[in-house]
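Going in written order, the chains are labelled A, B, C and D, and every chain counts its residues from 1.
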């Protein structure tokens, strides 16, 4: 049941609604396909993909924090070819565009992944993960340095005709500087925020809870930080923004759109409620009625100041 | 597998800080394997991760299932406060593998070894073995007398032989389940176990012999519980790849995984 | 009832226990003195003081977030002379050292405040707030630039013989760079973290909830970020660290000490529980017994790696 | 002022999304001023700020006090779910100023004007006036008929004259309390008011006249509730300084503050 008031069109992603599961919180869709029809989603962001197989970090890989969680999965994934051959065909069974999240240690690795995936039909666009805090070479150096971010963006733009979204790290002094740098390097859109770097200690052992020591903070706890960064970035650019960070409800989505997001992604909330995405989509329709809004995009205007 | 608001039918302390929780709901009809678990949302809003708890028994007629959990941190503390009639969001049953209770022949002897909160899934397995008229020995380890639970329930099952060990010797034999195992001369055809990682590692060494088919139910911190987040992995024994405990397990052959 | 196992000695602050209320969450102590004897506290950090009276931001000044809150008070305070003449004498009635939190728009303003307060007997040390995100000139520029932070530190060190703690902002790419810069400029200690910049939107009005639009995020939500930053800073310096950010319980204090803090401050928790500080102190004694630890400082060693 | 775990004695819906909550505890003995409020911790753990709610009445004999609150957001939604016997952490009574119910002479006429959830503290004030045999007129504004509450309670008080207004005219007069006020020719000696800021501003203009002593109870988002965080300020009328609503108020003379 498609609600035309919810449709949004972003570069490469023609979405039935502005809601997609966030990268790394939905694997490649198989698990959640047991719960509902993935065609209901606006898009699917797949797990961060590297050129070869990665086995990730030691366990424990997650820890709980107040209204949030830390993860240090370490980019475990089967590698670009396996994703192309075994995972993306599964998602092609559904009428939903894929946002292919790409990670790497070097610009060459990013390029290799994109070369492997660029011709896959259901890949609508790429999302450059330049902000994974959980592996030493997870791209975080690209995420904190405007110049490195811009160079990487320009390099991958050269090898794909599909739109490229750059996923920004919140662990920076000035997120707008990175946003502007990747915009001028040709980014077609922005995703924010990735996780905040955090840590928990175990008072029983006197050691960090996570085997990797530090991890990425996600969940409702980070929502105010995400809203602030989206708002700040929206002041300086008209690029489409996929907003994320702590979204659990349709009201949260509305907050993100007021702040300046064009679409949103739901990460951690999938874990507490496997039906998070479809129920947010349903609730959004009801909210539009209640607020007497004709199209979801109209909410966003208030945040748009450029 | 479904996500359901289940009703708390009973929730009572049965040993020191250890609670028996009986839940009713349609989800009960889906439960079929000893070793699978439920992923329970803790009331409150500030705890974003669900708590995985093994299924200890099922009563299909009453439409209920029972869990036994220990109060460890904030989540189980809040579960302990739930009252009959309260609703809990429960996802499950989760896990694709249970203990292979269908496999032992009537003449096979099965050994079940559990420590602390590793005991509950073994009770479900023992119950199924008893139903199939397989005889089995249960060795359960607890810290101290006050922590002992389900001894009577195990003894009540036909074909069971039960041995309790306590670390401080305040009840049953003194020592660990490993100490108890070392004194045994018989070699079981099957070994089902669940408990702290240290106990399982010791068990793997003690019981590693050609004639025994050993199975272990593993625990790890979980995110999604359904195989999507890759939080709960363990390495395969040959270190060539990973298994997801929530989805590929939680029960594995000893020889499949690296403890 | 003093527990000798809890005593800690920091530059300028001889503390009965490692617990103090955080700046801005306790005003100048009068209100909480209605609830308990302030002499029970390890120290008292007073509200950020500027040279002249400041009336602060428009309301609403606070908003709630999941496991946290945003504030944009805007450094309302009566000014350094009024603090010296009317507030510090009140605190002098108690047997507790004062950590004087100092804010300003210019280095000169910081210097003026310190000149006004440096001879007040119960002021044990100063805490330079170079990280207030809520006023345009709240010192945040000093907090994000290592050089500016170092210069300010050196300048105020020249005019006071009392120890100077520098309070670090979490809104930076690399907190260790600021820590090292102020250390080499002569800082006697560090406080971290101040609030994370955040925002909430009101879906009913389509506008930010706070009159000031953005505010500082505090409370349990930020705890993992605080622990990570303290841990990182502890790897690079031996300077005493006053840790803060979401502390509510004695277990939290232990986590902060494992991460590397020498003492801690309790902010937002005072609002949800006015007895937060004394009850944490009581619980800490019980924990030492339970964990069989002879002195609270022994917890900290595990985090100390320099 | 104290921080106490109070017991929920009663919690029931008395109008659309509007609840009457009766609490018992020792704190009740400290309540003495109409206009003061309680700062209530909402169960759950993820809501770090307490909710300020005015005291609507006190029953010193029963050792209870009663609040009336509207379900607005997550906090009041959770309060609405509390059941008798539940415990709530309550800080109070807070506020140093109440309505000056002791000041009107027997011959003075007092006008009480309240809108929506501004009504509860006025009931406490009216009760005290009635006790002192002062006559008074109450004008209460609500959105619609279903939202009306406490009309009978006010009418029951000796010396009261009660007028209800609804925005949609579904009950009482149609329009706002300001509309009702404009039709009146008498000028009261005292005006006590509480309600939305817009209403109070209009009231200030309508009622600004030498003979009337006007008082208003203000609301603002709060942190500490005790004067320490400086969240809840309002400007003084001459814009020279600030007042803290939680500590210096919540009741102010109209001429003291800038609305």
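The definition used in the following text is that a contact is a pair of C-beta atoms (placed from the backbone, for glycine too) under 8 Å apart; a residue touches a chain by one contact, two chains touch by 3 or more.
Treat the numbers as computed from the prediction; the structure is a model and nothing was measured.
For the pair chain B and chain C, chains touching both partners: A, D. Remark: chain C and chain D have CA centroids separated by 36 Å (rounded to whole angstrom).
Averaging C-alpha coordinates per chain places the centre of chain A 46 Å away from that of chain D.
Listed for chain B are residues 45-47, each touching two or more other chains. Of all residues in chain C, those that touch two or more other chains are 66-68, 219-220.
Taken together, the touching pairs cover every possible pairing of the chains. On the chain A side of its complex with chain B, the touching residues are 24-27, 30-32, 34-35, 47, 55-56, 59-64, 66-69, 71, 73, 76, 219-220, 268, 270-275. Touching chain D in their complex are the following residues of chain A: 66-67, 220.
Within the complex formed with chain D, the chain B residues making contact are 44-47.
Only residues 65-68, 70, 144, 171-173, 196-201, 203, 206-208, 213-214, 217, 219-225, 227-228, 231, 246, 251, 254-255, 258-259, 291, 299, 302-303 of chain A touch chain C when the two sit together in their complex. Across the complex, chain C is touched by residues 1, 3, 41, 45-50, 75, 89, 91, 220-234, 241-242, 247 of chain D.
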